[in-house]
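Structure first, then comments.
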Amino acid sequence: MNRVPDEALVLIPGGTLITATPEEGRALAITLARHMIHNIQPDLDVLKAGRPIYATNPDSLMKASQVVAIEFQTIAAANNYWRP
Amino acid sequence: MNRVPDEALVLIPGGTLITATPEEGRALAITLARHMIHNIQPDLDVLKAGRPIYATNPDSLMKASQVVAIEFQTIAAANNYWRP
Amino acid sequence: MNRVPDEALVLIPGGTLITATPEEGRALAITLARHMIHNIQPDLDVLKAGRPIYATNPDSLMKASQVVAIEFQTIAAANNYWRP
Amino acid sequence: MNRVPDEALVLIPGGTLITATPEEGRALAITLARHMIHNIQPDLDVLKAGRPIYATNPDSLMKASQVVAIEFQTIAAANNYWRP
Amino acid sequence: MNRVPDEALVLIPGGTLITATPEEGRALAITLARHMIHNIQPDLDVLKAGRPIYATNPDSLMKASQVVAIEFQTIAAANNYWRP
Amino acid sequence: MNRVPDEALVLIPGGTLITATPEEGRALAITLARHMIHNIQPDLDVLKAGRPIYATNPDSLMKASQVVAIEFQTIAAANNYWRP
């Protein structure tokens, strides 16, 4: 198996939900979603084979966006929405 | 590849979840959802090819609306719901 | 294109999430969901063509209801649940 | 058209999210979901035709349950979870 | 019709969202989801016929899990997350 | 039936939502989702038969990720987001 590297399996890279900016918080949401996928399916070849399927399918793109939106709710709350 | 412009890849345009009005907050929710899609699929030609598929399909339209509704929950909370 | 009228494209009609009653809040949730759809698909003919498809399909009816339920969560929180 | 009666179209029957007990709150969540469906599809014959389809399909039953679960989140929060 | 027993139709068994432990709270979330299904479809034979369909289908299992996860959010909040 | 071991059926292993770190909280979210599946379908052979289906399907992977994201919202809130 062509396994994803160990660092791509860390569930919460950096070990915290706190980020300096909303942009970084959003990037963390994407990473959380992506690493979760890696933990369920750690075979890079399978992941790569799936990409052309979901990345060209509008419904799949929206499903992926929804997962990120949910992760971002958690991270934004953790950061008190980066209120000034 | 006909890549989306760089500014369409910024995850949180403006770098804040705080907006002056609910209307602007809702517009930001749409932008967040749209830019997320761009980050997963940055090829404009693929995105344009998908549009007639999802924009004429009621279930897809509702999926897209749901993602915006979730993003808006976060933005509305960030703004204390723009309470007077 | 038979475009939806401009007022049907306003994202947050009235410009506020605050309503006098739960009934009005629920109606606003429906409007938010509907106007969101209009912004993605502003062609009335396409929208009308889709209606017989989703309005007779139980799964589609539930998808639409779910979007309204999510919008209503936001509006109800904004109004402190209209607690007496 | 065999239209649902007017009272089945009221969005928030009783005009409040506040209930005396969790049981009543849960019943209200079901009513909210059901009346929402009525507002999208007010033709009783269409609704009755759909029932054998979704009520015997596990995935549809779970979709309906999920909508109620989301409505119940709102109602439970409105009632401070009926904490003693 | 082989109807589910009356007690399986109670929406909130015990009449409260408050539980002594997270384990009991999770069990209550499952019961809420299950009894909701019973209320939509009270025919035991139909429910039993559906079981082999959804219980062997990964997507259906995840749909069921998601409903429980949403119910659990409500119950956990009600219990202030059983914080010590 | 090749039944999952008893400990894999505990709904909330450890009996608490409180964890020392976000990484442990995320791992708990995965466990909650997994044990929920076990409780609906405790036959290991069925679960193993399903794995190649969902673990190679992008939409199924996103469904699984979404369930974990929802469980994680609850756990993160329980831990006050592990704020320093």
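The letters A, B, C, D, E and F name the chains in turn, as written, and every chain counts its residues from 1.
One rule holds for everything that comes next: a residue touches a chain if its C-beta (ideal position, glycine included) is under 8 Å from a C-beta of that chain, and two chains touch if they have at least 3 such contacts.
Just so you know, these numbers come straight off a predicted model, no measurement behind them.
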item	value
Chain labels contacting chain B and also chain D	C
Magnitude of the superposing rotation for chain E and chain F (Cα, nearest 5°)	60
Rounded Å distance, chain A centre to chain C centre (Cα mean)	29
Between chain C and chain D, centroid-to-centroid distance (C-alpha), Å	17
Approximate Å spacing (C-alpha centroids) for the pair chain A, chain D	33
Of all residues in chain C, the ones touching two or more other chains	59, 63-64, 66, 70, 73, 77
Graph class of chain-chain contacts, one of line, ring, star, complete, other	ring
Round-the-ring chain order [start: chain A; next: chain B]	A, B, C, D, E, F
Complex contacts: residues of chain A adjacent to chain F	10-12, 15-18, 32-33, 36-37, 39-41, 46, 49-51, 53-54, 59-60, 63-64, 66-67, 70-71, 73-74, 77-78
Complex contact set, residues of chain D against chain E	21-23, 25-27, 30, 55-59, 61-66, 68-70, 72-73, 76-77, 81-84
